[in-house]
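Given below, in the form of structure tokens, are the structures.
Shared between the two complexes below is chain A, which pairs with chain B and chain C, respectively.
After this line comes the complex of A and B, so read on.
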């Protein structure tokens, strides 16, 4: 059952088009992430779903209802902004009460000074809602503070609280973790996932950080230049990207892309190295991609010899930036702590690519399945 | 140099200037306000609080209080309100905003003396364009009916507009019924553009995301968004604008001087504002003691308004 349906939307500012023909179906209770480099239109797409931006054409449905021309406040979605956008003059409690008051009280009951005496019972109910939400988010002690007196993480939770308190159809989050420090960001990742499970509400999450997308979401949409390039589960996006752009954007360090050719029998050769790896295609120029971890440090089967140009120490792993003579591109490989023995800048390293894990792309960058391997195995 | 007293050296230039420009003159003014000194006199005598006593009891000073308070009470809310209104309107349009800014700011930039002459001409009882406009409306039935309130059954000839149409043209500047209000009007016309610019500057700092958040939270009307986002964000600006407006309103002098400089502060002294009183007593009549006393009261008034502002408003204002 779909919860939010975006259909063939286009959006442009003047002559520059920001979103081109995006359709996306968001399932109920799903945690979906829109990820892409800055300027790819992901925030715009989120605002379009919220109704804060007009579209040139297309349709948006929420729970099967056409909401294309419904104003944001009537769509019953909640949004957490990058800057949190808490009302600075109100306490956390008042911030959380604001959406409730604006929806549940009549304008007379919201009248300054005297209004509250006519809505006592309702206000008590709203207070209970606020304290329930505060309980979930561990905000109880902060309720009487103003946003200026909170730390980044606390502000973030307050913004979440304001969004949660009125039980919306979906949460829209626009890079909510980008203003936090690294440790807190990692912590909030797991907290958000837990919250999602607890609440059972649709989350639409925008981020430029692929780690957030990979760790939290049920499905992720990789966006670039106003288009969705791939929409799939995180592990599929990682292991089976449908084009070079997606492969390069997802995964850290960046995937190694090398030009390669196949000979008339379909054997793959990369640079000077001719493999005995047979592919379905013959006599073609292609690109291959392999992740930094898909290498084998083995002297016997070595295919390549590279010189270490730069070493990145990540504690558990090391990233080695290698220059291989026969290849124009630099190669980054990941080796674990125990394999890292006596390697310095300018050391020479022998390694082979794990050919089973190779991704094939045609000259236009579209991935295709060229592996003959699995096929052969089946026959045998 | 002893480093323990170095900080005194650092602040001394500012301190010396402050003392020379503010401290000493204020002290002298306070001193003189207790004397009967006149310029040119070799001696003077201490009169104690007599000057102050006069200011609070004599009828001519009663006029001063009346005119000053009327001016302040009318001009401060109107310049602040119109300034905010104009700023909000200009901020909401995408085109021609520069033109509107210029139009509203022109009176601030223009020399008030010259503008006062223009207003004098316009407000002239017989030749002025304003009275011409009023009398030309008499011949148009619906305007006549509207302004005389005869459409709700009022006796037309008894109303204000009715009497104008009967030939009693208002003498805007010469009639004590109108004089101070005309001065107020020119004060508002001349003053609100400045507040508008301050508010425009304040509006640029309001976060766009806050408006989006307000919309998502269900603030549908412009009034609700204003209440929830704009007005609180403009708090610091408002403190400043209101304080400045109060001080400027108490300081009004040039309009009265331009309109009534040769007479005596308007018909029956109805526009005898404080600054004009200081000028008249202290300079024209050479009663330095009385002039100084009014100045001291003026100083106390402005100072206390500023302090009240700080204590009352700033506590509730949020500085982000």
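After this line comes the complex of A and C, so read on.
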């Protein structure tokens, strides 16, 4: 069904380029997330797909039709804004009716005051559409309220309702949850996922919050500086990022990146610690990355000793910020509640890195497979 | 106890300012209740002080007296009924009658004269027609212009906005003559058009609305576009409702300025008194040779000002309530 294809688009404001050569194919019914730090061009890309921004070059296709120069409303996409942008002078119902009226009624039938008497039948139909949508979103009781009388979550649902009534071929969402409080945001994450399953419509979701991207999407595109760095399933992005930037952006706490070297036989050494871990590359400077959970405490195998500089209590887990003498970078490790015993700031901690799970990056930050162990099968 | 001398001084200055502002209104109200003599001397014929409401000592209505002065025929017909009296005596009897009939309380007299000698209702109607038309047309012009200047990207936008700002600096009196000549050549003087057309483009309105629209989040406009609105629908269906507080502020400026305007109507309405706006109504009582009739004149002034004050009091509440951007976060 719906299939959105973005082909080699460029976009710049004056001399500043915001989007550089982005191509992306969005499959029908998929939940795709565009994620990246602010200013990376993710919202611009969304607005380009919506038709709210013109592009300098490139093409956009929806269902194989070239829509590059088609008006936003004629693309049959719906957008949910970060600020919701509900018309403040209209009730929820009127807000939801607006896109329908503009689509289905002639300009004469939309004429203020008298127009409605000439479109009674059509209006009745539209009312049914609105109440159906309101049913799905549990908005029925709120239909006659104005946006000002709604709570944040209710406004969110009303905005979704206005987007849904038209039965668009795709939903575009621009950070829709960022105005909600933390608890509600987590709740809405699962609601949105459920809604996606229920409606079976393409969702294109923009966020700077990697947790939202990881939890909800089928695929996610990590964007930086106007480019898509990686487009893949969330778990792949987490476990196999293709460069340091992606690795650092995804995952909380941030991945630990350390400079390392290999000797002439290919053995890896990190700081002072020479491992017996053999890599395919010899005599090179590289970077290694490992997630905070890929650490084993108090094992005397490949040893590091660090001093606790800072402790973050997350309830279920603790993040320890460690300073290791031989390493310039701080290291963050995650330990679970039950392992957390008697650790204070300035405590000394022995730990080792789970070398099996290490990611290798060359000096330019591009990941490569260096391990004989973990990625052997794939290399073959 | 820490006694702050600053506070009483501040209040004193504020009260003084208030008095200075209110005093002319006080005089206007007070004079509109008083007779000419009371206005000029502050006392009535018995020497009593007039006060705010005047003494309301009955005086002769000059207009009434003049129009009812006994005529020859009346005197003659009465002489037949009163034999033995001279023409002079009969005339005096009639005159006394007229004088008594024309004795009125000054307040009543001033206001009735205001509404009868000057067709004030007609003038008020003219005023309503003119100010309402001006305001509506100003909105019709200013909203799209302000929207374009605030929200659309096009070459020369900043330049045009600079022009708008520059136009704010031009006083009307500087362009009054060219405007008048233009209207005269088009044969439009002495018409509603002459009163309305020069004011339809309000640079102040454009500026004010542009500044306001700058604060309206772009998301509303994008939402409108996604919903399928044309740019003009966005202006009337999205921007206008959010701009109600700003429009009210502009309405006050516009309506007050044009309702009270004496200068421009005086320039373009030269003949037809049916087109007089309310302030021109005061001219009726400006009788250069016999001195002005201040009482009725002030009654006209009070009548003109009252609707404005009432309108302001009503609008003020709306001002404070305002429509906030409650649709946003």
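Simple rule for what comes next: the second predicted complex is superposed on the first by the 369 of 380 C-alpha atoms of A that agree within 3 Å, B and C clash if a C-alpha of one lies under 4 Å from a C-alpha of the other, contacts with A are read in each partner's own complex, and residues count from 1 in each chain.
Keep this in mind: a residue touches a chain if its C-beta (ideal position, glycine included) is under 8 Å from a C-beta of that chain, and two chains touch if they have at least 3 such contacts.
As the structure is a computational prediction, the values presented were derived from the model and not from experiment.
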item: Fit-or-clash call for chain B and chain C when the two complexes are aligned on chain A; value: clash
item: Of chain C and chain B, partner touching more chain A residues; value: C
item: Partner chain(s) touched by A:85 [first = chain B, second = chain C, both, neither]; value: both
item: Which of chain B and chain C A:161 touches, first, second, both or neither; value: neither
item: Which superposed partner A:103 touches (first chain B, second chain C, both, neither); value: both
item: Overlapping segment of chain B (options 4-12, 76-84 or 148-156) - the one that collides with chain C in the superposed model; value: 76-84
item: Set intersection of chain A contacts, chain C complex versus chain B complex; value: 47, 50, 52, 71-73, 77-79, 81-83, 85-89, 98-99, 102-103, 146, 148, 162
item: Residues of chain A that touch chain C when the two form their complex; value: 47, 50-52, 71-74, 77-79, 81-89, 98-99, 102-103, 146-149, 152, 155, 162, 179
item: Touching residues (chain side chain B, partner chain A) in the complex; value: 207, 209-210, 212-213, 215-220, 224, 228-229, 232-233, 235, 318, 320
item: Chain B-facing residues of chain A, complex; value: 47, 50, 52, 71-73, 77-79, 81-83, 85-90, 98-99, 102-103, 146, 148, 162
item: List of chain C residues in touch with chain A within their complex; value: 217, 219-220, 222-223, 225-229, 233, 237-238, 241-242, 323-329
